[in-house]
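Next come the structures, one after another.
In what follows, chain A forms one complex with chain B and a second complex with chain C.
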Partner chain A sequence: MAKLKRLFNDPYDVVDEMIEGYAKAHKQYVHMDESEEAQGRVLVSNEVGKKDKVGIVVGGGTGHEPMFLGYVGKDFADAVVMGNINTSPSPDPCYAAARAVDTGKGVVYLYGNYAGDVMNFDMGAEEAEDEDDIVVKSVTVKDDVVSAPKDRIEDRRGVAGDFIVFKAAGAAAAMGKDLDEVVRIAEKANSVTRSMGVAMSSSTIPAKGGTIFEMEDGDMEIGMGIHGEPGVRRGKIDTADNVVDEIMDPILSDLPFEKGDEVYVLVNSLGATPLMDLHVCFRRVQQILDEKGITVYKTLVGPFATSMDMAGMSITLTKLDDELKEMLDYPCDTPYFTQV
Partner chain B sequence: MAEELSKAYFIQVIEDLIPWIEDRKEYFTDLDSAIGDGDHGINLSIGFREVASHLDEWKADNVAGLYKNVGKALLDKVGGSAGPLYGSFFMKFGVPVKKKGPDEGVTGDEFVEMMDKAISIIQKRGKSTTGEKTMNDTLMPALDALKAAHAAGDDIKTAMGKAVEAGKAGLESTRDMIATKGRAMRLGERAVGHLDPGAASTAEMLEIFYKDMPDA
Partner chain C sequence: MAKLKRLFNDPYDVVDEMIEGYAKAHKQYVHMDESEEAQGRVLVSNEVGKKDKVGIVVGGGTGHEPMFLGYVGKDFADAVVMGNINTSPSPDPCYAAARAVDTGKGVVYLYGNYAGDVMNFDMGAEEAEDEDDIVVKSVTVKDDVVSAPKDRIEDRRGVAGDFIVFKAAGAAAAMGKDLDEVVRIAEKANSVTRSMGVAMSSSTIPAKGGTIFEMEDGDMEIGMGIHGEPGVRRGKIDTADNVVDEIMDPILSDLPFEKGDEVYVLVNSLGATPLMDLHVCFRRVQQILDEKGITVYKTLVGPFATSMDMAGMSITLTKLDDELKEMLDYPCDTPYFTQV
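Moving on to the complex of A and B:
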């Protein structure tokens, strides 16, 4: 097996060493939850406790940086719970995070809709309720159109759309809205957000010493999931315009996005795809939306939810109304996303 | 009823699971790469490394306490779906015999009850049943075979041998299934032709429970 082009020490320590480094690098924003239950897998915003608000806890497996930890700071997420690479955190850290951010107004867990995450976060929520009477509600993000057909939308997984849903929830909580309102707004953002991606290489896992899956050099996989879950079609790498056309079709028809709609666009790198390529892709996204009479309200281009060193990108569209615009425009300040 | 399985047997099972997962982690990870996210074996090995580092302290506990500690370590360290599923299996396994003394073993009746408790919690946590291309496809037929053979009067090792065979047949049946649970679900028919990694790892785990049993 080819040697990994990654920098790590003991491969079993990568997650803990990343968290240690991150907490120190971004100490003006976050600190470690030192409790036993947190198991070194919870980072808490330094803003927690400065005002009474609904607590926003995000989390999931690691290997998607800057998702999830990069969005903990002021008026976005209040804490993050991190598992092993591509693997949900365990229940105790989920519980610890709820305990760390609760100010008596309740807590929302927000994470991608994966079976393992649901089991662990649910067990963490039970613990928070049983031990400390903390009211915890959960919103699971389901933006990946390929992950299940529309008639089984409850089975869909969360990918880069996590960012949009978390941002909306974080703003709602920062504005002082109550638990039910924060959940309503997060679910609303969830219901109008759609994503799809393409991968051109596998990410690598240090403890495995290799790639997650095999891909011939020069191939791409349309619709691949953020953990390398197989997509809808494998073929030769095509032009940016053709790839974007193939991805935009299922996204647009799924909601559907229609003439007159206003959208937020997120063109996301899966890790190894450069900003140059992402902007070439966005150029085509804009052309398609112009043709359809759909207005682009705002665009984000960059690495927001990655798969470490995977080459590939995803496109996320969110259909906006006045309320969602207000949430997405609301100021926030975190190490990897600041809105002024 | 006489004790059929000693405390030493239950320690031996854990001691054998530790090298087993190190040996087999790449195989399970490869199975997972085909239809999931390619980490099943690695995450289990992270969990069992934690078990290995504490096992000596836990040996003084009774069977229930020992297995609860093993389960808690897996729950804490593995994460994903395998953490709650494997973790709950071990945490519940000892519950029927939690009142036993630290050196006591268990009877055949008790062992069947323990397996029932441990396998039932997996169905509950995973909100899943057979035919969905999950570890239930190994565990539920194994449990049914164990109960049937035990009820028919087989000694515990013979009964567990039948459970292992039923589990392997169940594992094999996952090859032709379309997944309706877990990450393989998004594949639809493309998952057909691949064994489910959770079904594969639990089939081998049951075999260790069988092989460590003393001959009747």
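Moving on to the complex of A and C:
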């Protein structure tokens, strides 16, 4: 097994040391929730309390940075709850996050659709309702087309599409919409967002001292999930254009995206894949969409939802209407996504 | 030799395809300079021409994305000139970039201090002066403390400190300062900025089909440059805290940074090193600065000046005064750095 090319101290402290470093590096934006229930796993926006609004709590396992903590700040997410690497947070920190952001208008939990997260966030929501009468609703993101067939969309996982759904919800809350409206808009973004990826290496886990799965040097796996969940095909790494073609096809046919549609595009690095390669990939995405008569409204290219140092990338498309454009264009200011 | 885990088509087209993809992905911000002299290697901000100001041209070899092209937009850089991977751009595109951004107030070329870049940008400047009477001045960034001893600062290379110097110059130009003032402020930022890095793997070059240098699996090289230039010591990968200690010492003693100073900190990924590790590293940077009585004003953590998929990171410190704070805080909006 190849040796880790990572920088950490005690491997069992890596998440806590990351959070400590993050809170200090981005002190203009966030602070730690120091309550006992938060267990050192909740970061709260410094904006909380400046206006009454629906609270936006995001979270999940760590190892996907800048997802989830990077999007806590002004007019996006209000708090993040973090578990260990690839592991759901516990119920108590979920509860603490809801308590930290509630201004009486209710709270939305937004996270990728994984069984562990659903269980823990649901228990956190119950706690918030029982202890403090906070109304909590949940939206689970399900953008990964490979993770379940279309007739079982409720079983699909959340990947980079998390970003799109969180952003839409964050904007809706920032605009002062009520809890039901924020949930409606998040679910709408969720329903028109589709993603698929390719991995060319495994991520590495400090506490394991190695990779989470084995992959032959020079191989790729089309459709692999961000925790190494199985994809649709393993083979030799192909050209960027061929890889993009193979990924775009299932994305486009799933919703489906059709001639005349307008889309938001996110080309995401899973970690080690550089911006150079992502832009070569986007070039092909644009060609395909041009051929199909689908208009690109805006594009983001970069590391949004990673798997630490995994080599690979994913493509996310969101079908837009005027309301979603307004949400995705809404200004926000966080350490890893600022728009004016 | 390990196989490439990269996504590209013809390896000799990777830079041009990246630029084509970039221009399309970020069409809200930039467009291609279509002139013959630009040779398809110049991207120009869509803001150019909206106000008369000193033109800011940045550039150098590609493979360091988001450096340099990512910082072209509003109130930062006005154009970028790009060479092949790790290779200076030619004189004609340097000239074309100056011509594209000049509004009669002169142009500053800003780039890392490498012999090839100096030669080509100087020839571009001559061309701009001879052909179009454009006054061009140059600032070469020299933040890498390892690259030459302190009594030969003029021989030092530019690394992630490029970002700081460009940002200061971009703000000065956006504020309407004249050419001499923009150059003075850029040189001031340059004179108080120091960087050093560590590499844990080589970057890979598509056209070479492999790494640019050999590195034993599990080794690191303290002080290595962003093109693989030799550092000060090779050894086994150590803990994050030990690595940061070994890097911070030469940075701090070089300027020197002293008790009572206020600093801007940039913890930069060389590519594959994830945000998790960078924040663990920043945690130690903060501890060291606290111990020394040096105040952290602001911190940036992420991939700013990379070497494609190289594993490694660098630390940059800039000693601040009120003027530099104003420049670094000045709002700007580009695809890879937006601040409000």
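By definition in this document, the second predicted complex is superposed on the first by the 338 of 340 C-alpha atoms of A that agree within 3 Å, B and C clash if a C-alpha of one lies under 4 Å from a C-alpha of the other, contacts with A are read in each partner's own complex, and residues count from 1 in each chain.
Convention: a residue touches a chain if its C-beta (ideal position, glycine included) is under 8 Å from a C-beta of that chain, and two chains touch if they have at least 3 such contacts.
Small disclaimer: the values here were computed from a predicted structure and weren't measured.
Engineer: Is the arrangement of chain B and chain C around the shared chain A a clash or a fit after superposition?
Structural biologist: They fit: once the shared chain is superposed, the two partners occupy separate space.
Engineer: Could you tell me if A:Tyr114 is touching chain B, chain C, both of them or neither one (first, second, both, neither)?
Structural biologist: Once the two structures are laid over each other on A, A:Tyr114 reaches chain B alone.
Engineer: Looking at A:Pro66 after the superposition, I want to know if it touches chain B, chain C, both of them or none. Which is it: first, second, both, neither?
Structural biologist: second
Engineer: What is the contact status of A:Asn268 with respect to chain B (first) and chain C (second): first, second, both, or neither?
Structural biologist: Once the two structures are laid over each other on A, A:Asn268 reaches no partner at all.
Engineer: Quick check for you: in the superposed arrangement, does A:His26 touch first (chain B), second (chain C), both or neither?
Structural biologist: Touch partner of A:His26: chain C, not chain B.
Engineer: Mind working out whether A:Phe282 is in touch with chain B, chain C, both or neither, as first, second, both or neither?
Structural biologist: In the superposed model, A:Phe282 contacts chain C only, not chain B.
Engineer: For the overlay on chain A, what angle lies at chain A between chain B and chain C, C-alpha centres, nearest 10°?
Structural biologist: Between chain B and chain C, as viewed from chain A: 130 degrees.
Engineer: Would you sort A:Ala207 into first (chain B), second (chain C), both or neither based on which partner it touches?
Structural biologist: So A:Ala207 only meets chain B here.
Engineer: Does chain B (first) or chain C (second) touch A:Met313, or do both, or does neither?
Structural biologist: second
Engineer: Measuring by CA atoms in the overlay, how small does the chain B-chain C distance get, in Å?
Structural biologist: 17
Engineer: Identify the residues of chain A that lie in both the chain B contact region and the chain C contact region.
Structural biologist: Overlap of chain B and chain C footprints on chain A: empty.
Engineer: Please name which positions on chain B make contact with chain A in the complex.
Structural biologist: 26, 29, 33-39, 42-43, 45-46, 49, 75-85, 87, 125-126, 181-183, 185-187, 190
Engineer: Could you pull out which chain C residues touch chain A in their complex?
Structural biologist: Touch list, chain C to chain A: 2-9, 14-15, 17-22, 24-26, 28, 62-63, 65-66, 70, 198, 200-201, 217-218, 237, 239-241, 243, 265, 267, 271-283, 286, 296, 298-299, 301-303, 306, 308-309, 311, 313, 331, 333, 335-336, 338-340.
Engineer: Please name which positions on chain A make contact with chain B in the complex.
Structural biologist: It comes out as residues 12, 39, 61, 83-92, 114-116, 119-120, 123, 146-148, 155, 157, 205, 207-208, 212-214, 225, 227-230.
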